[in-house]
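Since the structure comes first, as structure tokens, the remarks are kept for the end.
We call the chains A, B, C and D, going by the order they appear; numbering starts again at 1 in every chain.
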Amino acid sequence: MSRIFSISPKRGVGYDVPLHLKLGTEFLVLLISLMAFLSILAATGIVGLGHITKAWTSGLENSITIEIPAANVSEDEVQSLLQGLLKIEGVQKAQRLGQKDMEKLLSPWLGNVSSLWEDLPIPALITVTISERNAQITSKIAVTTRKISPNATVDAHDAWLSDLLKLANGLRLVSLGVFCLIMLVTATVVAGAVRSRMAIHHRELELLHIMGASDSYITNQFVRYILVQSLKGVSFGILIGLATLGLLSLISRNNPGTLPEMTLSGAEWSLFVAVPLLLAIMAVMAARITALRVLREMP
Amino acid sequence: MSRIFSISPKRGVGYDVPLHLKLGTEFLVLLISLMAFLSILAATGIVGLGHITKAWTSGLENSITIEIPAANVSEDEVQSLLQGLLKIEGVQKAQRLGQKDMEKLLSPWLGNVSSLWEDLPIPALITVTISERNAQITSKIAVTTRKISPNATVDAHDAWLSDLLKLANGLRLVSLGVFCLIMLVTATVVAGAVRSRMAIHHRELELLHIMGASDSYITNQFVRYILVQSLKGVSFGILIGLATLGLLSLISRNNPGTLPEMTLSGAEWSLFVAVPLLLAIMAVMAARITALRVLREMP
Amino acid sequence: MIKFEHVGLRYGIGPEVLSDITFTLTSGSFHFLCGPSGAGKTSLMSLLYLGRRPTRGTIQAFGQNTNLLSRTDLAALRQNIGVIFQDFRLLPHMSAFDNVALPLRINGMNEKKTKAHVEELLDWVGLGDCMHRLPPTMSGGQQQRIAVARAVIANPKLLLADEPTGNLDDEIGMKLMGLFEQLNKMGTTIVIATHSLQILDSLPHSRLILENGQLHIFNPSTSSTTIKENVDV
Amino acid sequence: MIKFEHVGLRYGIGPEVLSDITFTLTSGSFHFLCGPSGAGKTSLMSLLYLGRRPTRGTIQAFGQNTNLLSRTDLAALRQNIGVIFQDFRLLPHMSAFDNVALPLRINGMNEKKTKAHVEELLDWVGLGDCMHRLPPTMSGGQQQRIAVARAVIANPKLLLADEPTGNLDDEIGMKLMGLFEQLNKMGTTIVIATHSLQILDSLPHSRLILENGQLHIFNPSTSSTTIKENVDV
């Protein structure tokens, strides 16, 4: 009889409370690994999204394009406009796009037909680089342009750029929310697990308490247990995270263009360790606070 | 002290072994609801796929189309071909598609331009309805057609029809495999849960055993526990399943054409009850067999 | 009623705790089981209540060779045996009432009759007003009385008690011994493991003495000297 | 050493199990605690080992008012108290060795010294060769001896024992009483709850008698009649 149910007496495991013999430990590990995986996803989402928006907006953010329609292009007008723009405080550069630049811009639309170039009515494009984007500068530029070249249109990239940034930042905020939610859920679940384990083992706890074990002695047992389970779970989570990333990069290599490319810098790779570690720390803190709170109700 | 950890003495719950006080019960319920949900998905997949293939192949399965190219159409030839085809045993109908039918078939491609009709070189299409598709009939039809109208082509829909059916049946087989796997996993998890609960409560079991409780008395405690948890889990699973279906039908109503339409008949709706019930029965059987096997090792 | 033939018991690969024990308990007899701590009293008890199989020898219970019985038949036999454990073994999540009712429920008695029986008995042991409390909230003696009530509720043919008075004061202890005597007069076979000299001296029943894995029998009513023999009672 | 002043205790909304108890345990004294089953002996013990707070009155322990101490200070005080529980309360998943070592580990003694101490004591109680077994595989008396060893290992200033000889035969029981006497001579204050008349009669220590929630004191060395008074010892 006792052979079937035998439980080997190992001091090595070293819990005064037989936490390691309990069911639910596997579930706890599973849950924490899931949470670690999700938190990694959320964190890389936050960082990766930052990269993508940066790539989209780089060079655009601090530049304004002025177009003088093909019919109205006069070399003098362009030159005086350039002069006028450069006088504005905050404008760093004002440059007419040369033929090469124009070709590059247009070739996707017109094909590489530089022979046709001279026959086409080409608008003049001026790129203005500003030190910092603010309403004052953009309005000054608009006023100057209207004065010198009334037909020109000023494209401050304002509307779509801000829309894009709003979207991206919204998404990052959502990711951050998810991240915090994961931390909160983990802490809650761990606290619940500790609380019910303490209820189940209250006879043992009472005994340790009567023997003069301080609150921290008892708490440490639970903290150690949760720490070990968290580290196990978190390791699984990291593995799943890496596997997912590998799979995604494999897909995007084989089908270029379907997925936005997301490369992480060296420092950002540390997210794969830092985020799960943060999770484990949250779990341990939750365990500690819960255990102390329950113990405080003992006489 | 005992107030904090107080466990109310309810006979109502009625387990001699304090199963209901254990951790891991929520996890068991969660797992079973997940499994119930997945098994519903798999089962509706099997049935729904059947519907879709039937819809695709209906009318095609027992019909063969013969086309006489526009250049070669002669009314006499068509009539004698029809006569010849009707003589073949197993052919139920052989009909030339009239102008209306052709218009209907062609209008998506040509627009509703019945005024142009007479100017167009229209091929003759003959639909042959057979009682049963087999190689003998199709070859007889092919021979007859070649004899009477050598330029005609016979489209038995064989190739793509069989490909489609192969695919659909493959998918159904996969669904069936998934279904069986779910049952197996559920049974295994339940068996494991029962086994470890029996190990934890072996003192209580031993006591009941010594008091003369028969194996079935003790087993029933575990069976009842698993039954209750399974029914809880399965109910959740059904709810999630219905919610998913509702969501899908909402999406497909708002975006017609994106999802294949899948309507279930009244009898098939019973899958939503029958499949989870089967799952619960599997769980209970696994519990029963495991408990009996463990008990058999007692003296 | 119970017949041991060359019975031996060892735990795992340890030494034999009981070796070559042969004796017979006749129906309606009353025995004390004595011996120093660790002599094997509880082990012998566990063989008597069919909670363990001997590692050698045969045990006949109620006229049947237990080695040859099916599990169902063994369970039925066990229903005729009441046991008071040394460590009580009350179910801590169940009220005193439910603990005592357990054997009746296992025997399949209806709930109404069960209630009447249990309440009567709990009143008798002086726990009538705390029958809905959980064992962990009761005193050691109260728990022991619940254990006694649970053992006798189903009118067992054989009653085994392992130190039943260890936590009871003399008054309740003697009252309990009176209950045992009374049950014995009504035909119940009784075996009590005890080291209480007071109890041993006050009652003239035969003593089974365990020492070094051997069983010796001493019968104070036929002989006042401590003759130890290894024969049947 | 320990001073109760108008102490009362009730469980939940029940009646007062102990009411208005006032007494002093002087350092180095030896007391028996007697009273019928359910009188409140175990409850009084739980107040003595600071495992429960009284519902009224104050308890002074080691010169300090326990009502005013911080949790950390209380834990430190408890390390000076050894307890032998009526139901042993061994940790079933830990070997006998680890059970006995627990108080030393809690006190923060290093592992090597702990090992030497524990092995010596287990040898003394006769369990030297089964110290790596789990409590559930040991006999009732063996478990009780582990409980005793665990209570005395850390050299407590106050030793409380609740029926420490209930499962022991007379020889070991008397040896255990000898140990208690010896510890008492070395300065340990001792309180033993028991109903064993044999023990009570053999030793001339003062008796605390609980009855109906009241504590009476009887001192056999100064008076042979059973004078019950409700005054300090």
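Quick note on the criterion: contacts are C-beta pairs under 8 Å (C-beta built on N, C-alpha and C of every residue); 3 or more make two chains touch, one makes a residue touch a chain.
In this text, all values refer to a predicted model and were calculated from it rather than measured experimentally.
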item: For chain D, the least number of touch steps when starting out from chain C; value: 1
item: Furthest chain, CA centroid comparison against chain C; value: A
item: CA centroid of chain A to CA centroid of chain B, Å; value: 40
item: Between chain B and chain C, centroid-to-centroid distance (C-alpha), Å; value: 61
item: Rounded Å distance between chain B and chain D, as computed from the means of their C-alpha atoms; value: 70
item: Multi-chain contact residues (two or more partners), chain B; value: 1, 7, 21, 206, 299
item: Overlap residues in chain C, where contacts from two or more other chains coincide; value: 51-52, 137
item: Touching residues on chain D, where the partner in the complex is chain C; value: 11, 35-38, 40-43, 86-87, 137, 139-142, 145, 162-163, 166-173, 195, 197-198
item: Interfacial residue positions of chain D with respect to chain A in the complex; value: 49-53, 71-72, 75-81, 83, 89, 91, 93-95, 98, 102-103, 106-107, 132-134, 136-137
item: Interfacial residue positions of chain B with respect to chain C in the complex; value: 2, 7, 9, 11, 16, 18, 21, 203-204, 206-215, 217, 296, 299
